[in-house]
Amino acid sequence: MALDVSVDLCGISLRNPLVLASGIWGSCAETLVRVGRAGAGAVTAKSCSLEPRQGHPNPTVLDWGHGLINAIGLSNPGAWEEKRILQRAAVGLKEMGVPLIASVFAETIVSFQRTVEIIAQAEPDLIELNISCPNVEDEFGRPFALDPIMAAKVTAAVREVYKGILSVKLSPNVPDIVQVARAVEKAGADLLTAVNTLGPGMVIDVHAGRPVLSNKVGGISGAALRPIAVRCVYEITQAVSIPVIGMGGVLTGEDAMQMLMAGATAVGIGSALYYYGEAAFMRILGELEELMVQEGYSSIKEFRGCAHG
Amino acid sequence: MADGLHRVFPLMRRVEEGKVGATLIFDGELKAQPGQFVMVWLPGVGERPFSVVDDAPLTLTVARVGPFTRALTALQEGERVWIRGPFGRPFPLRQGSAILVAGGSGVASLAFLAKRLCEKRTEPLVILGARTEANFMLTWFFERMGLCPLLATDDGSKGWQGTAVERLEALSQPWRELIYGCGPERMLRALASSAVRHGALCWLSLERVMKCGIGVCGHCHCGDQLVCRDGPVFSAEEALRLWRLEARDNPQIADREDSERYP
Amino acid sequence: MALDVSVDLCGISLRNPLVLASGIWGSCAETLVRVGRAGAGAVTAKSCSLEPRQGHPNPTVLDWGHGLINAIGLSNPGAWEEKRILQRAAVGLKEMGVPLIASVFAETIVSFQRTVEIIAQAEPDLIELNISCPNVEDEFGRPFALDPIMAAKVTAAVREVYKGILSVKLSPNVPDIVQVARAVEKAGADLLTAVNTLGPGMVIDVHAGRPVLSNKVGGISGAALRPIAVRCVYEITQAVSIPVIGMGGVLTGEDAMQMLMAGATAVGIGSALYYYGEAAFMRILGELEELMVQEGYSSIKEFRGCAHG
Amino acid sequence: MADGLHRVFPLMRRVEEGKVGATLIFDGELKAQPGQFVMVWLPGVGERPFSVVDDAPLTLTVARVGPFTRALTALQEGERVWIRGPFGRPFPLRQGSAILVAGGSGVASLAFLAKRLCEKRTEPLVILGARTEANFMLTWFFERMGLCPLLATDDGSKGWQGTAVERLEALSQPWRELIYGCGPERMLRALASSAVRHGALCWLSLERVMKCGIGVCGHCHCGDQLVCRDGPVFSAEEALRLWRLEARDNPQIADREDSERYP
C-alpha cells in the first residue's frame, strides 16, 4: 500500500512534514529554492526585522559536540530587502508546490506590526513570529517569548494587521511553556512553532580562558535540544487545539517520528543541515517512511500524537 | 567526542612576505587538502577564514588588509592561534598537466595544490599576479619545490606587465588541460571565461564573507551555493552560473570592487 | 613546581574541587566511602525527605545518546534511616579527610525544616537543599527552585533551624537564574549548588509509540546540559559573592576547567560515573592537572572565574 | 549515535519450562557474554533485568513470579519486547574444568556459560536444583549440548533429595578447579562457603532489585558494590566480603527470605 506522508497545516498542503527551520540557509532566495528542490515539505526564511541588522562578529556558530551553539545576532537585510528575497523565492517554490514561510522579529510591538505589513506584501503562505528576542519596552529587556502576557500582546497586535496564516514560535526557556502556548492561541495564532533554541548556553575555551562566542552566550540547537523539544511539543499539543510545527534536534527519521508522536503536525529541520546539507530532507524522510512501513502505518495521522496514550 | 571547536596552535616561525603580509608556520599538524580553509580565532580580536598552505606543519599565508590580519601577522613566535577546520571542498586532483593562476593572497591555496601535484610528480605551471613587485607572497615556497612561477605585475615592476590572466593568455606554449585559479573575483571571472573559451577544465576558489564557516548560517551564499560548504572550489562553469544568478538579482554586484583583497 | 588543586569551600578544605553530585551512587554509606577512596574532593549523599519514598517504577534512567535522562522519583529511605547512613559514611570519610554533604528535599517549608533538623544530627559538613521538587502548597505545585520568592523562603526557614554550612541547589529551568541566586543568597545561604537537571525532557520510543520513562518526563544531565550549566554558573558568580559548586555535564578535565573558569569554586560530578565509574574522579583530576601544567597554572585560584574577563 | 535506548525484538518461539516459566527465543541477535543481563521493557507493564541465555538468537528464560514475568511469559509469537543492554560483568572464562551450580531461574546465565564452555571444548559438570520436578527449567538446553545435568529437588521428586549445594558436597568425584554459581542468595552463601573451604576458584552471580541497571542510581548496591555495574558476577571471596558489609549494617538482612526467586 502506498505511503501517504503529506500533511495539512491550517489548510496548506505539505507533500511531507519536513519544514526547513528559520535561520538555517534561509537568508537568500536561491538557497530556499534549493532546499525546496531537495525535498523539503515547506521552507522558512531567516527571521527579518524592520531595519537591517549586522549581527554579532565571529565566532557566531560552533559545533560543540552535541549540537550547535549560535549567536548569529539575527543579522538580516531588513524588511524591504527581505520582501524582495521572499518574492523571488516564492516564484521558484510555487513551481514545486512548496509553501514558503516568512519569519519576522522585532523589539517592540509596533515594529512587529510594521514588519509584518511589509513582509505580507510578498504573500508568503504563512508568517511566523519569532518572539525570542528582547522586548526593549520591558524593564529587563526580557524576550516576549518568556512572558505569556507579552507573547499574547504581540500575537494580538499582529493579528490585527495580518489576515493570513500566523504562527508564533515559542521558546523552550520558560518554566511553563503551556501557559505561553495557551495565551498565544487565545490571542489568535493559527498555529505554533516549537521550539526555538535552548538556553542560552556558554562554551568556554580553556586555553583562551574566555567564552568562544563573541556574544559570550548562544542558543543551543541540535541533538542536545531534542528531549526538551519533544517534551515541549507533547505538553503543548495536549493543551491547545491549533497545530504545531515541532522542531529541535531532529536529525533522523526516528527523531521526526518522535515529534509527530508527541503531537506535531509538521517537523522543523535546522541543525541537521550542518551534518547532512540539504540531503537531510530525503534522508530523514526515507528513514521516516521506512519506520512507517516497519510499524505498518500508511499515513502520518495514524500515529500523530499517539504518545499521549 | 568529535566536535568542531578550536584547537590551539603555537606559532613556530613567521616569514615576512614582502611588504604585504606574512607566512605563519605553526607547531602542529592539521590534516587538510588543497583548497580547504580553516577558521582562525584570535580571542578578543575575531575569527576569519584562511586557506591552508601546508598541513604538516600547518602553514597559513596572510595578507594584511584590516584589523584581524594585522593582529595575525604581528604574532610572535610561541604565541598561539585558535583554529577550527579544515572546511570546504578541496580542488579536485585530476590526472593531467595543470596551470595554477593566482592573484594576491589567492596564492595560498594554490601553493598547497602545487605541493601536492609535485608530490604526484606532475609539476604544474604557476602564474602569480600582484599589483607590484613588493606584493608577491610565497614565491620562495614554489622555488623550494623547484618550480619557477611566471610573474605578472600591474605596474610592470616585476615580470610581465599586466594581470595573471593576461599572462596566461599570452603563453607561447599551448594551454594545459587543467586550470586552477584563486584570487580576486574580477580575475576569476576573466579566468573562467578564458578557460571556457579554451575548453580547458578549470576550478576556481571563491571567497565570500564568512560567519559560521560550516554551512549553517547562509551568510556566504553565492547564487544557490554556500561557499564555505559547497565551495570554496567550484568548476568554472558552475562559478559562471552562480555569478549569473547573483547578478540577476543584484545588478550592482557585477561591478563590485574587491580591490582590498588584491594587495 | 607542585600543583595545588585544593580548594576552600566556606572554610571546608577540599583536597581537590571534584564533588560527587547528589543522587549518583550516594544512596548508601559504603558507596559514598568508596567514592571518597576513589579520589573525590567531597561527596554528596542522595537527597532524602522526611518520610521514605518509593520513587517511580522502571524505566527510570536512560542513556539517550547525549547524556542521561532520569525520573528516579527521589526514592529514599526517609530522614531517620538517612541519618544512620550519613553517620556510617562519615566514619569512613573522616579518616580520608573527605567532607560529606547531605542533601534534603521536601514538599513544604515546614517539612524542609523538620528534615534538616534530623539530618543535622548526623553532623554532615554541609547540608544542601534540593529545591527542585514540587511545592505542594503552591497552587500549581511548582518547584520552589522556579520562584525566587519561594526559594528564598525555604532558605530562610532552614537557616533558622540550622546553623551549619548551608547550600541551596538551583534549577537551570528558569528564565533568570540570577534572580533566584540573589534571593537565596540574601536569605542566608552560605553557598550555591548549580545546577540540577535540565528540562524536563522526554524520549519517545517510536516502536512503542509512547514515552520510555514510566514518569514520561525526566531531568536531563550529562553532556547535553554542559553549556547551559556553564552559562548558569557564569551568570550566578557574576551576581553573588558566595561560592558556587558548579555541575552539569562535567565529563573531562577540560569540562571541569570550564566550570572553574566560569567562576565555580568546586565542581560536581554526576553522570560521568555512568561512563567511567568512580575512576571518573582520578581521570578528570588528572586531565585538569595536565591542562594546568600546559597553561602554566599552579593553583586553581589563578584561573577561577577568569572567563569573566 | 551510540546510546543506551531499547531495541525491539519480536518473539520467534516460546518454550514452556515446566509449570514455572518459559524460555523466549527472539528474532535477532544481541552480542553478550555469559553472566551479563539485559533490561526488558514491556511498555505499560514495566522493566526488569534478565540474564542472557543465548545471544544468537537472543534467548531469555523467565520464571513466573509476579506481574511482569507473568506478562512476559504470556507473550505470543510475533509480539515484541524492548531490550537494552547487555549490562554487567560476565563470568570469567578461566582455563580448567568447571562445575556449574544453579538454583531456580539462576539456571539462565549458567546455561549460556555452559554453551560457551562447550564451544571451547571444556565440558562442565552441571548441577541444577529446584523445589520440585516441575520447576526445572532449561534441562533441554543442556541436553542439546550433550550435557547431563545432575538434578536435585527439595522434595526428592526428581534426582537427589536436597539442595544443589548439598548435591555438590556429595559428589563422589573430586571437586573441579572452577565453580560457577547462580541462584537464590541462601544457596549462593552456602556455595561460597563450600568453595572457599575446598579452596576452589568460585564466581557467583548476585541479584538485587534494579532500577537504572547502568550503575547510576545506586539502588542495587550490595556492600560498596553496585550489582548492575560491578557485578552481577563476583568472586566468592568478594561476595562473602559484601555480605558481611551488608550484615554489619543491617543485621536483619542475613536471614532475609528470598523464596519468591526460587520457584
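Chains here go by letter, A, B, C and D, matching the order in which they are written, and residues are numbered from 1 within each.
Going forward, a residue touches a chain if its C-beta (ideal position, glycine included) is under 8 Å from a C-beta of that chain, and two chains touch if they have at least 3 such contacts.
This structure is a prediction, so every number in the text was calculated from the model and none was measured.
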Give me the fewest steps it takes to get from subunit B to subunit C if each step has to go to a chain it touches. 2
Contacting subunit A as well as subunit C are chains none
Report the inter-centroid distance (CA atoms only) between subunit C and subunit D in whole Å. 36
Round to the nearest whole Å and give the separation of the Cα centres of subunit B and subunit D. 66
Please report how many Å separate the Cα centroid of subunit A from that of subunit D, as a whole number. 51
Of all residues in subunit C, the ones touching two or more other chains: 64-66, 203, 207, 210, 223
For subunit B, jot down the residues that touch at least 2 other chains. 1
Please classify the inter-chain touch graph. Allowed labels: line, ring, star, complete, other. line
I'd like to see which chains touch which, written out pair by pair. A-B, A-C, C-D
Given the complex, residues on subunit B that touch subunit A span 1-6, 8, 39, 41, 43-44, 46-48, 80, 82, 84, 210-219, 221, 223-224, 226, 229, 245, 249
Give the list of subunit C residues in touch with subunit A in this complex. 64-67, 69, 140, 142, 146, 173-176, 198-204, 206-207, 209-211, 216-217, 220, 223-228, 230-231, 234, 254, 257-258, 261-262, 291, 295, 303, 306-307, 309
Show which residues of subunit C lie in contact with subunit D when the two form their complex. 23-31, 33-34, 46, 55, 57-66, 68, 70, 72, 75, 88, 203, 205, 207-208, 210, 212, 214, 271, 273-274, 277
